[in-house]
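Mind looking over this structure? Questions follow.
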Amino acid sequence: MGRLNIVERRVERFLREPPSVRNAAGVIVVATALIVVGAGVLITLVDGDEYPDLETGLWWALQTVTTVGYGDVAPSKLSGRLVGALVMLEGIAFIAIVTAVITSTFVARMTREAEAARVQNVASEREVFEKRFDELDRKLDRLAAVLDNRA
Amino acid sequence: MGRLNIVERRVERFLREPPSVRNAAGVIVVATALIVVGAGVLITLVDGDEYPDLETGLWWALQTVTTVGYGDVAPSKLSGRLVGALVMLEGIAFIAIVTAVITSTFVARMTREAEAARVQNVASEREVFEKRFDELDRKLDRLAAVLDNRA
Amino acid sequence: MGRLNIVERRVERFLREPPSVRNAAGVIVVATALIVVGAGVLITLVDGDEYPDLETGLWWALQTVTTVGYGDVAPSKLSGRLVGALVMLEGIAFIAIVTAVITSTFVARMTREAEAARVQNVASEREVFEKRFDELDRKLDRLAAVLDNRA
Amino acid sequence: MGRLNIVERRVERFLREPPSVRNAAGVIVVATALIVVGAGVLITLVDGDEYPDLETGLWWALQTVTTVGYGDVAPSKLSGRLVGALVMLEGIAFIAIVTAVITSTFVARMTREAEAARVQNVASEREVFEKRFDELDRKLDRLAAVLDNRA
């Protein structure tokens, strides 16, 4: 039973806090924040006519990364459109990874209890079989004692 | 077999209606509805020129939270854009969580029958082994009876 | 082994073609097509100024359901915006369900071979234990024969 | 134990690099890149008034496939809108498949360690039972030796 408890604990801990999925969530949120701020600053530098201040630049970067894209401000120069292309593609990665992190957390939560039930199931089978082995052992020892006694 | 039936029922019930995932679905739908209405009201208060009535405010909030973003109406003041930023980010959470809830429900549905087959598999193995143990037991008892009889 | 083959076949067939997930895919594609066509027709009826022909109506419905939302045509009347709200929300359901169907198909494909390996694993354990039981059985029968012979 | 190691290795390798999911990722990225470039070229040919150069065509194709849809440039002719419809639908497939690939990779990563724990669990059970069988075997051999000796 000791071994099973270790397995159970390990499985539960892992499913509760999978390290690489959590890392992915942190990395994408930080990367997206940096790209929005960076692109917001950059677009005011390369396309100052359309983006006169940082507020407009950040507003455009945020509506691009979330794929809302009102188009009230949009880059018309090649340099600004290249910045936009980067933000759009990062936006897809952002949405995909956020969705993936939440989905895999939900799947893990649903798997966890099923897994716990399965581990308990195997543990119960093992206990039953151990008792049967003990019983056979005991009977064989008794037979051996009878035979040895008579010899 | 009684124990296995309990496990089977527990696993099936859980996979059919995982409580926290259902809660997540309810929470995000209610939160999104509240944010759309709240943002629709708020935007008419802070940017009355662009949003003259509640209809326009709600129409903008809905096209923002769904990331459609026509841009037929868009906030031009900082206060309105801050409201917009909140709605955009909530929109990403909305889409991600709705997708995650549906996906994990599908994955659970596909896992359910595989799990049931596995539980039945373990149950069948157990039954076979129990019969083998019974047989060995019976033979040992017979040997003991023969030896005891002769003593 | 016969029983295990049945389980294996059942699990494999189910994971390869899960009926309700496939149904979901079919239902959402048909529902989305119907809503795009229906909304495209309806918008020309309720907002004929903005949407003079069916082509414009369908073009708007498609860019709304996919959440692209150029905004080159957008409803300005309440009736048209209500049609738009329906299409937007259906668009979220469309994207979420399409993503969920593809994701759960991928997860099932990855689970399938792991499951097959596990079934084979259990089958191999069973075979090994069956042989051990056979061996014990054979030895007990021999002991019984020796004792019976001597009696 | 040899057999279990093979199973363990096979499961781990498969979960680490599932061939068809990786293929799906590669195929959708290449297909999307080709469609963006193809649609960008095509739209300048069929709607030269709105799209005077390739830069504008590619810029429109990218904002369409990512569902950003600023609407700073949008096709007004039927031919251009048909190209747009194709890019929009491909965009949904792109986002759905990218999300599905990342999600199933995360789910696989979370499943991997749970699976490894389970395989080890079964291996440990097997080892315990093998020892019990060995013990019974040894005792039966001893009984047989005692009886044969006396005969």
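To keep things simple, chains are lettered A, B, C and D as they appear, and every chain counts its residues starting from 1.
Please note the rule applied: contacts are C-beta pairs under 8 Å (C-beta built on N, C-alpha and C of every residue); 3 or more make two chains touch, one makes a residue touch a chain.
Remember, it's a predicted structure, so these values are computed and weren't measured experimentally.
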When chain A meets its copy chain B, do both sides use mostly the same residue numbers (more than half shared) or mostly different ones?
-> different
Could you check which of C-D, A-C or B-D has the same interface as B-C, with more than half of the contact pairs identical by residue number?
-> C-D
Is the number of contacting C-beta pairs greater for A-C or for A-D?
-> A-D
If you average the CA atoms of chain A and of chain C, how far apart do the two points sit, in angstrom?
-> 20
Calculate how many whole Å lie between the centre of chain A and the centre of chain D, each centre taken as the average of the chain's C-alpha atoms.
-> 14
Can you list the chain D residues in contact with two or more other chains?
-> 67-71, 95, 99, 103, 107, 111, 118, 122, 129, 136, 140, 143, 147
Contact residues on chain C for chain A in the complex?
-> 67, 69-71, 99, 103, 107
Parts of chain B lying in touch with chain A, wherever the complex brings them together = 3-4, 7, 10-11, 14-15, 18, 20-21, 24, 64, 67-71, 74, 76, 78, 81, 84-85, 88-89, 91-93, 95-97, 99-101, 103-104, 107-108, 111, 115, 118-119, 122, 126, 129-130, 133, 136-137, 140-141, 143-144, 147-148, 151
The residues of chain B that touch chain C in their complex are 55, 59, 62-63, 66-72, 94-95, 98-99, 102-103, 105-107, 109-111, 113-114, 117-118, 120-122, 124-125, 128-129, 132, 135-136, 139-140, 142-143, 146-147, 150
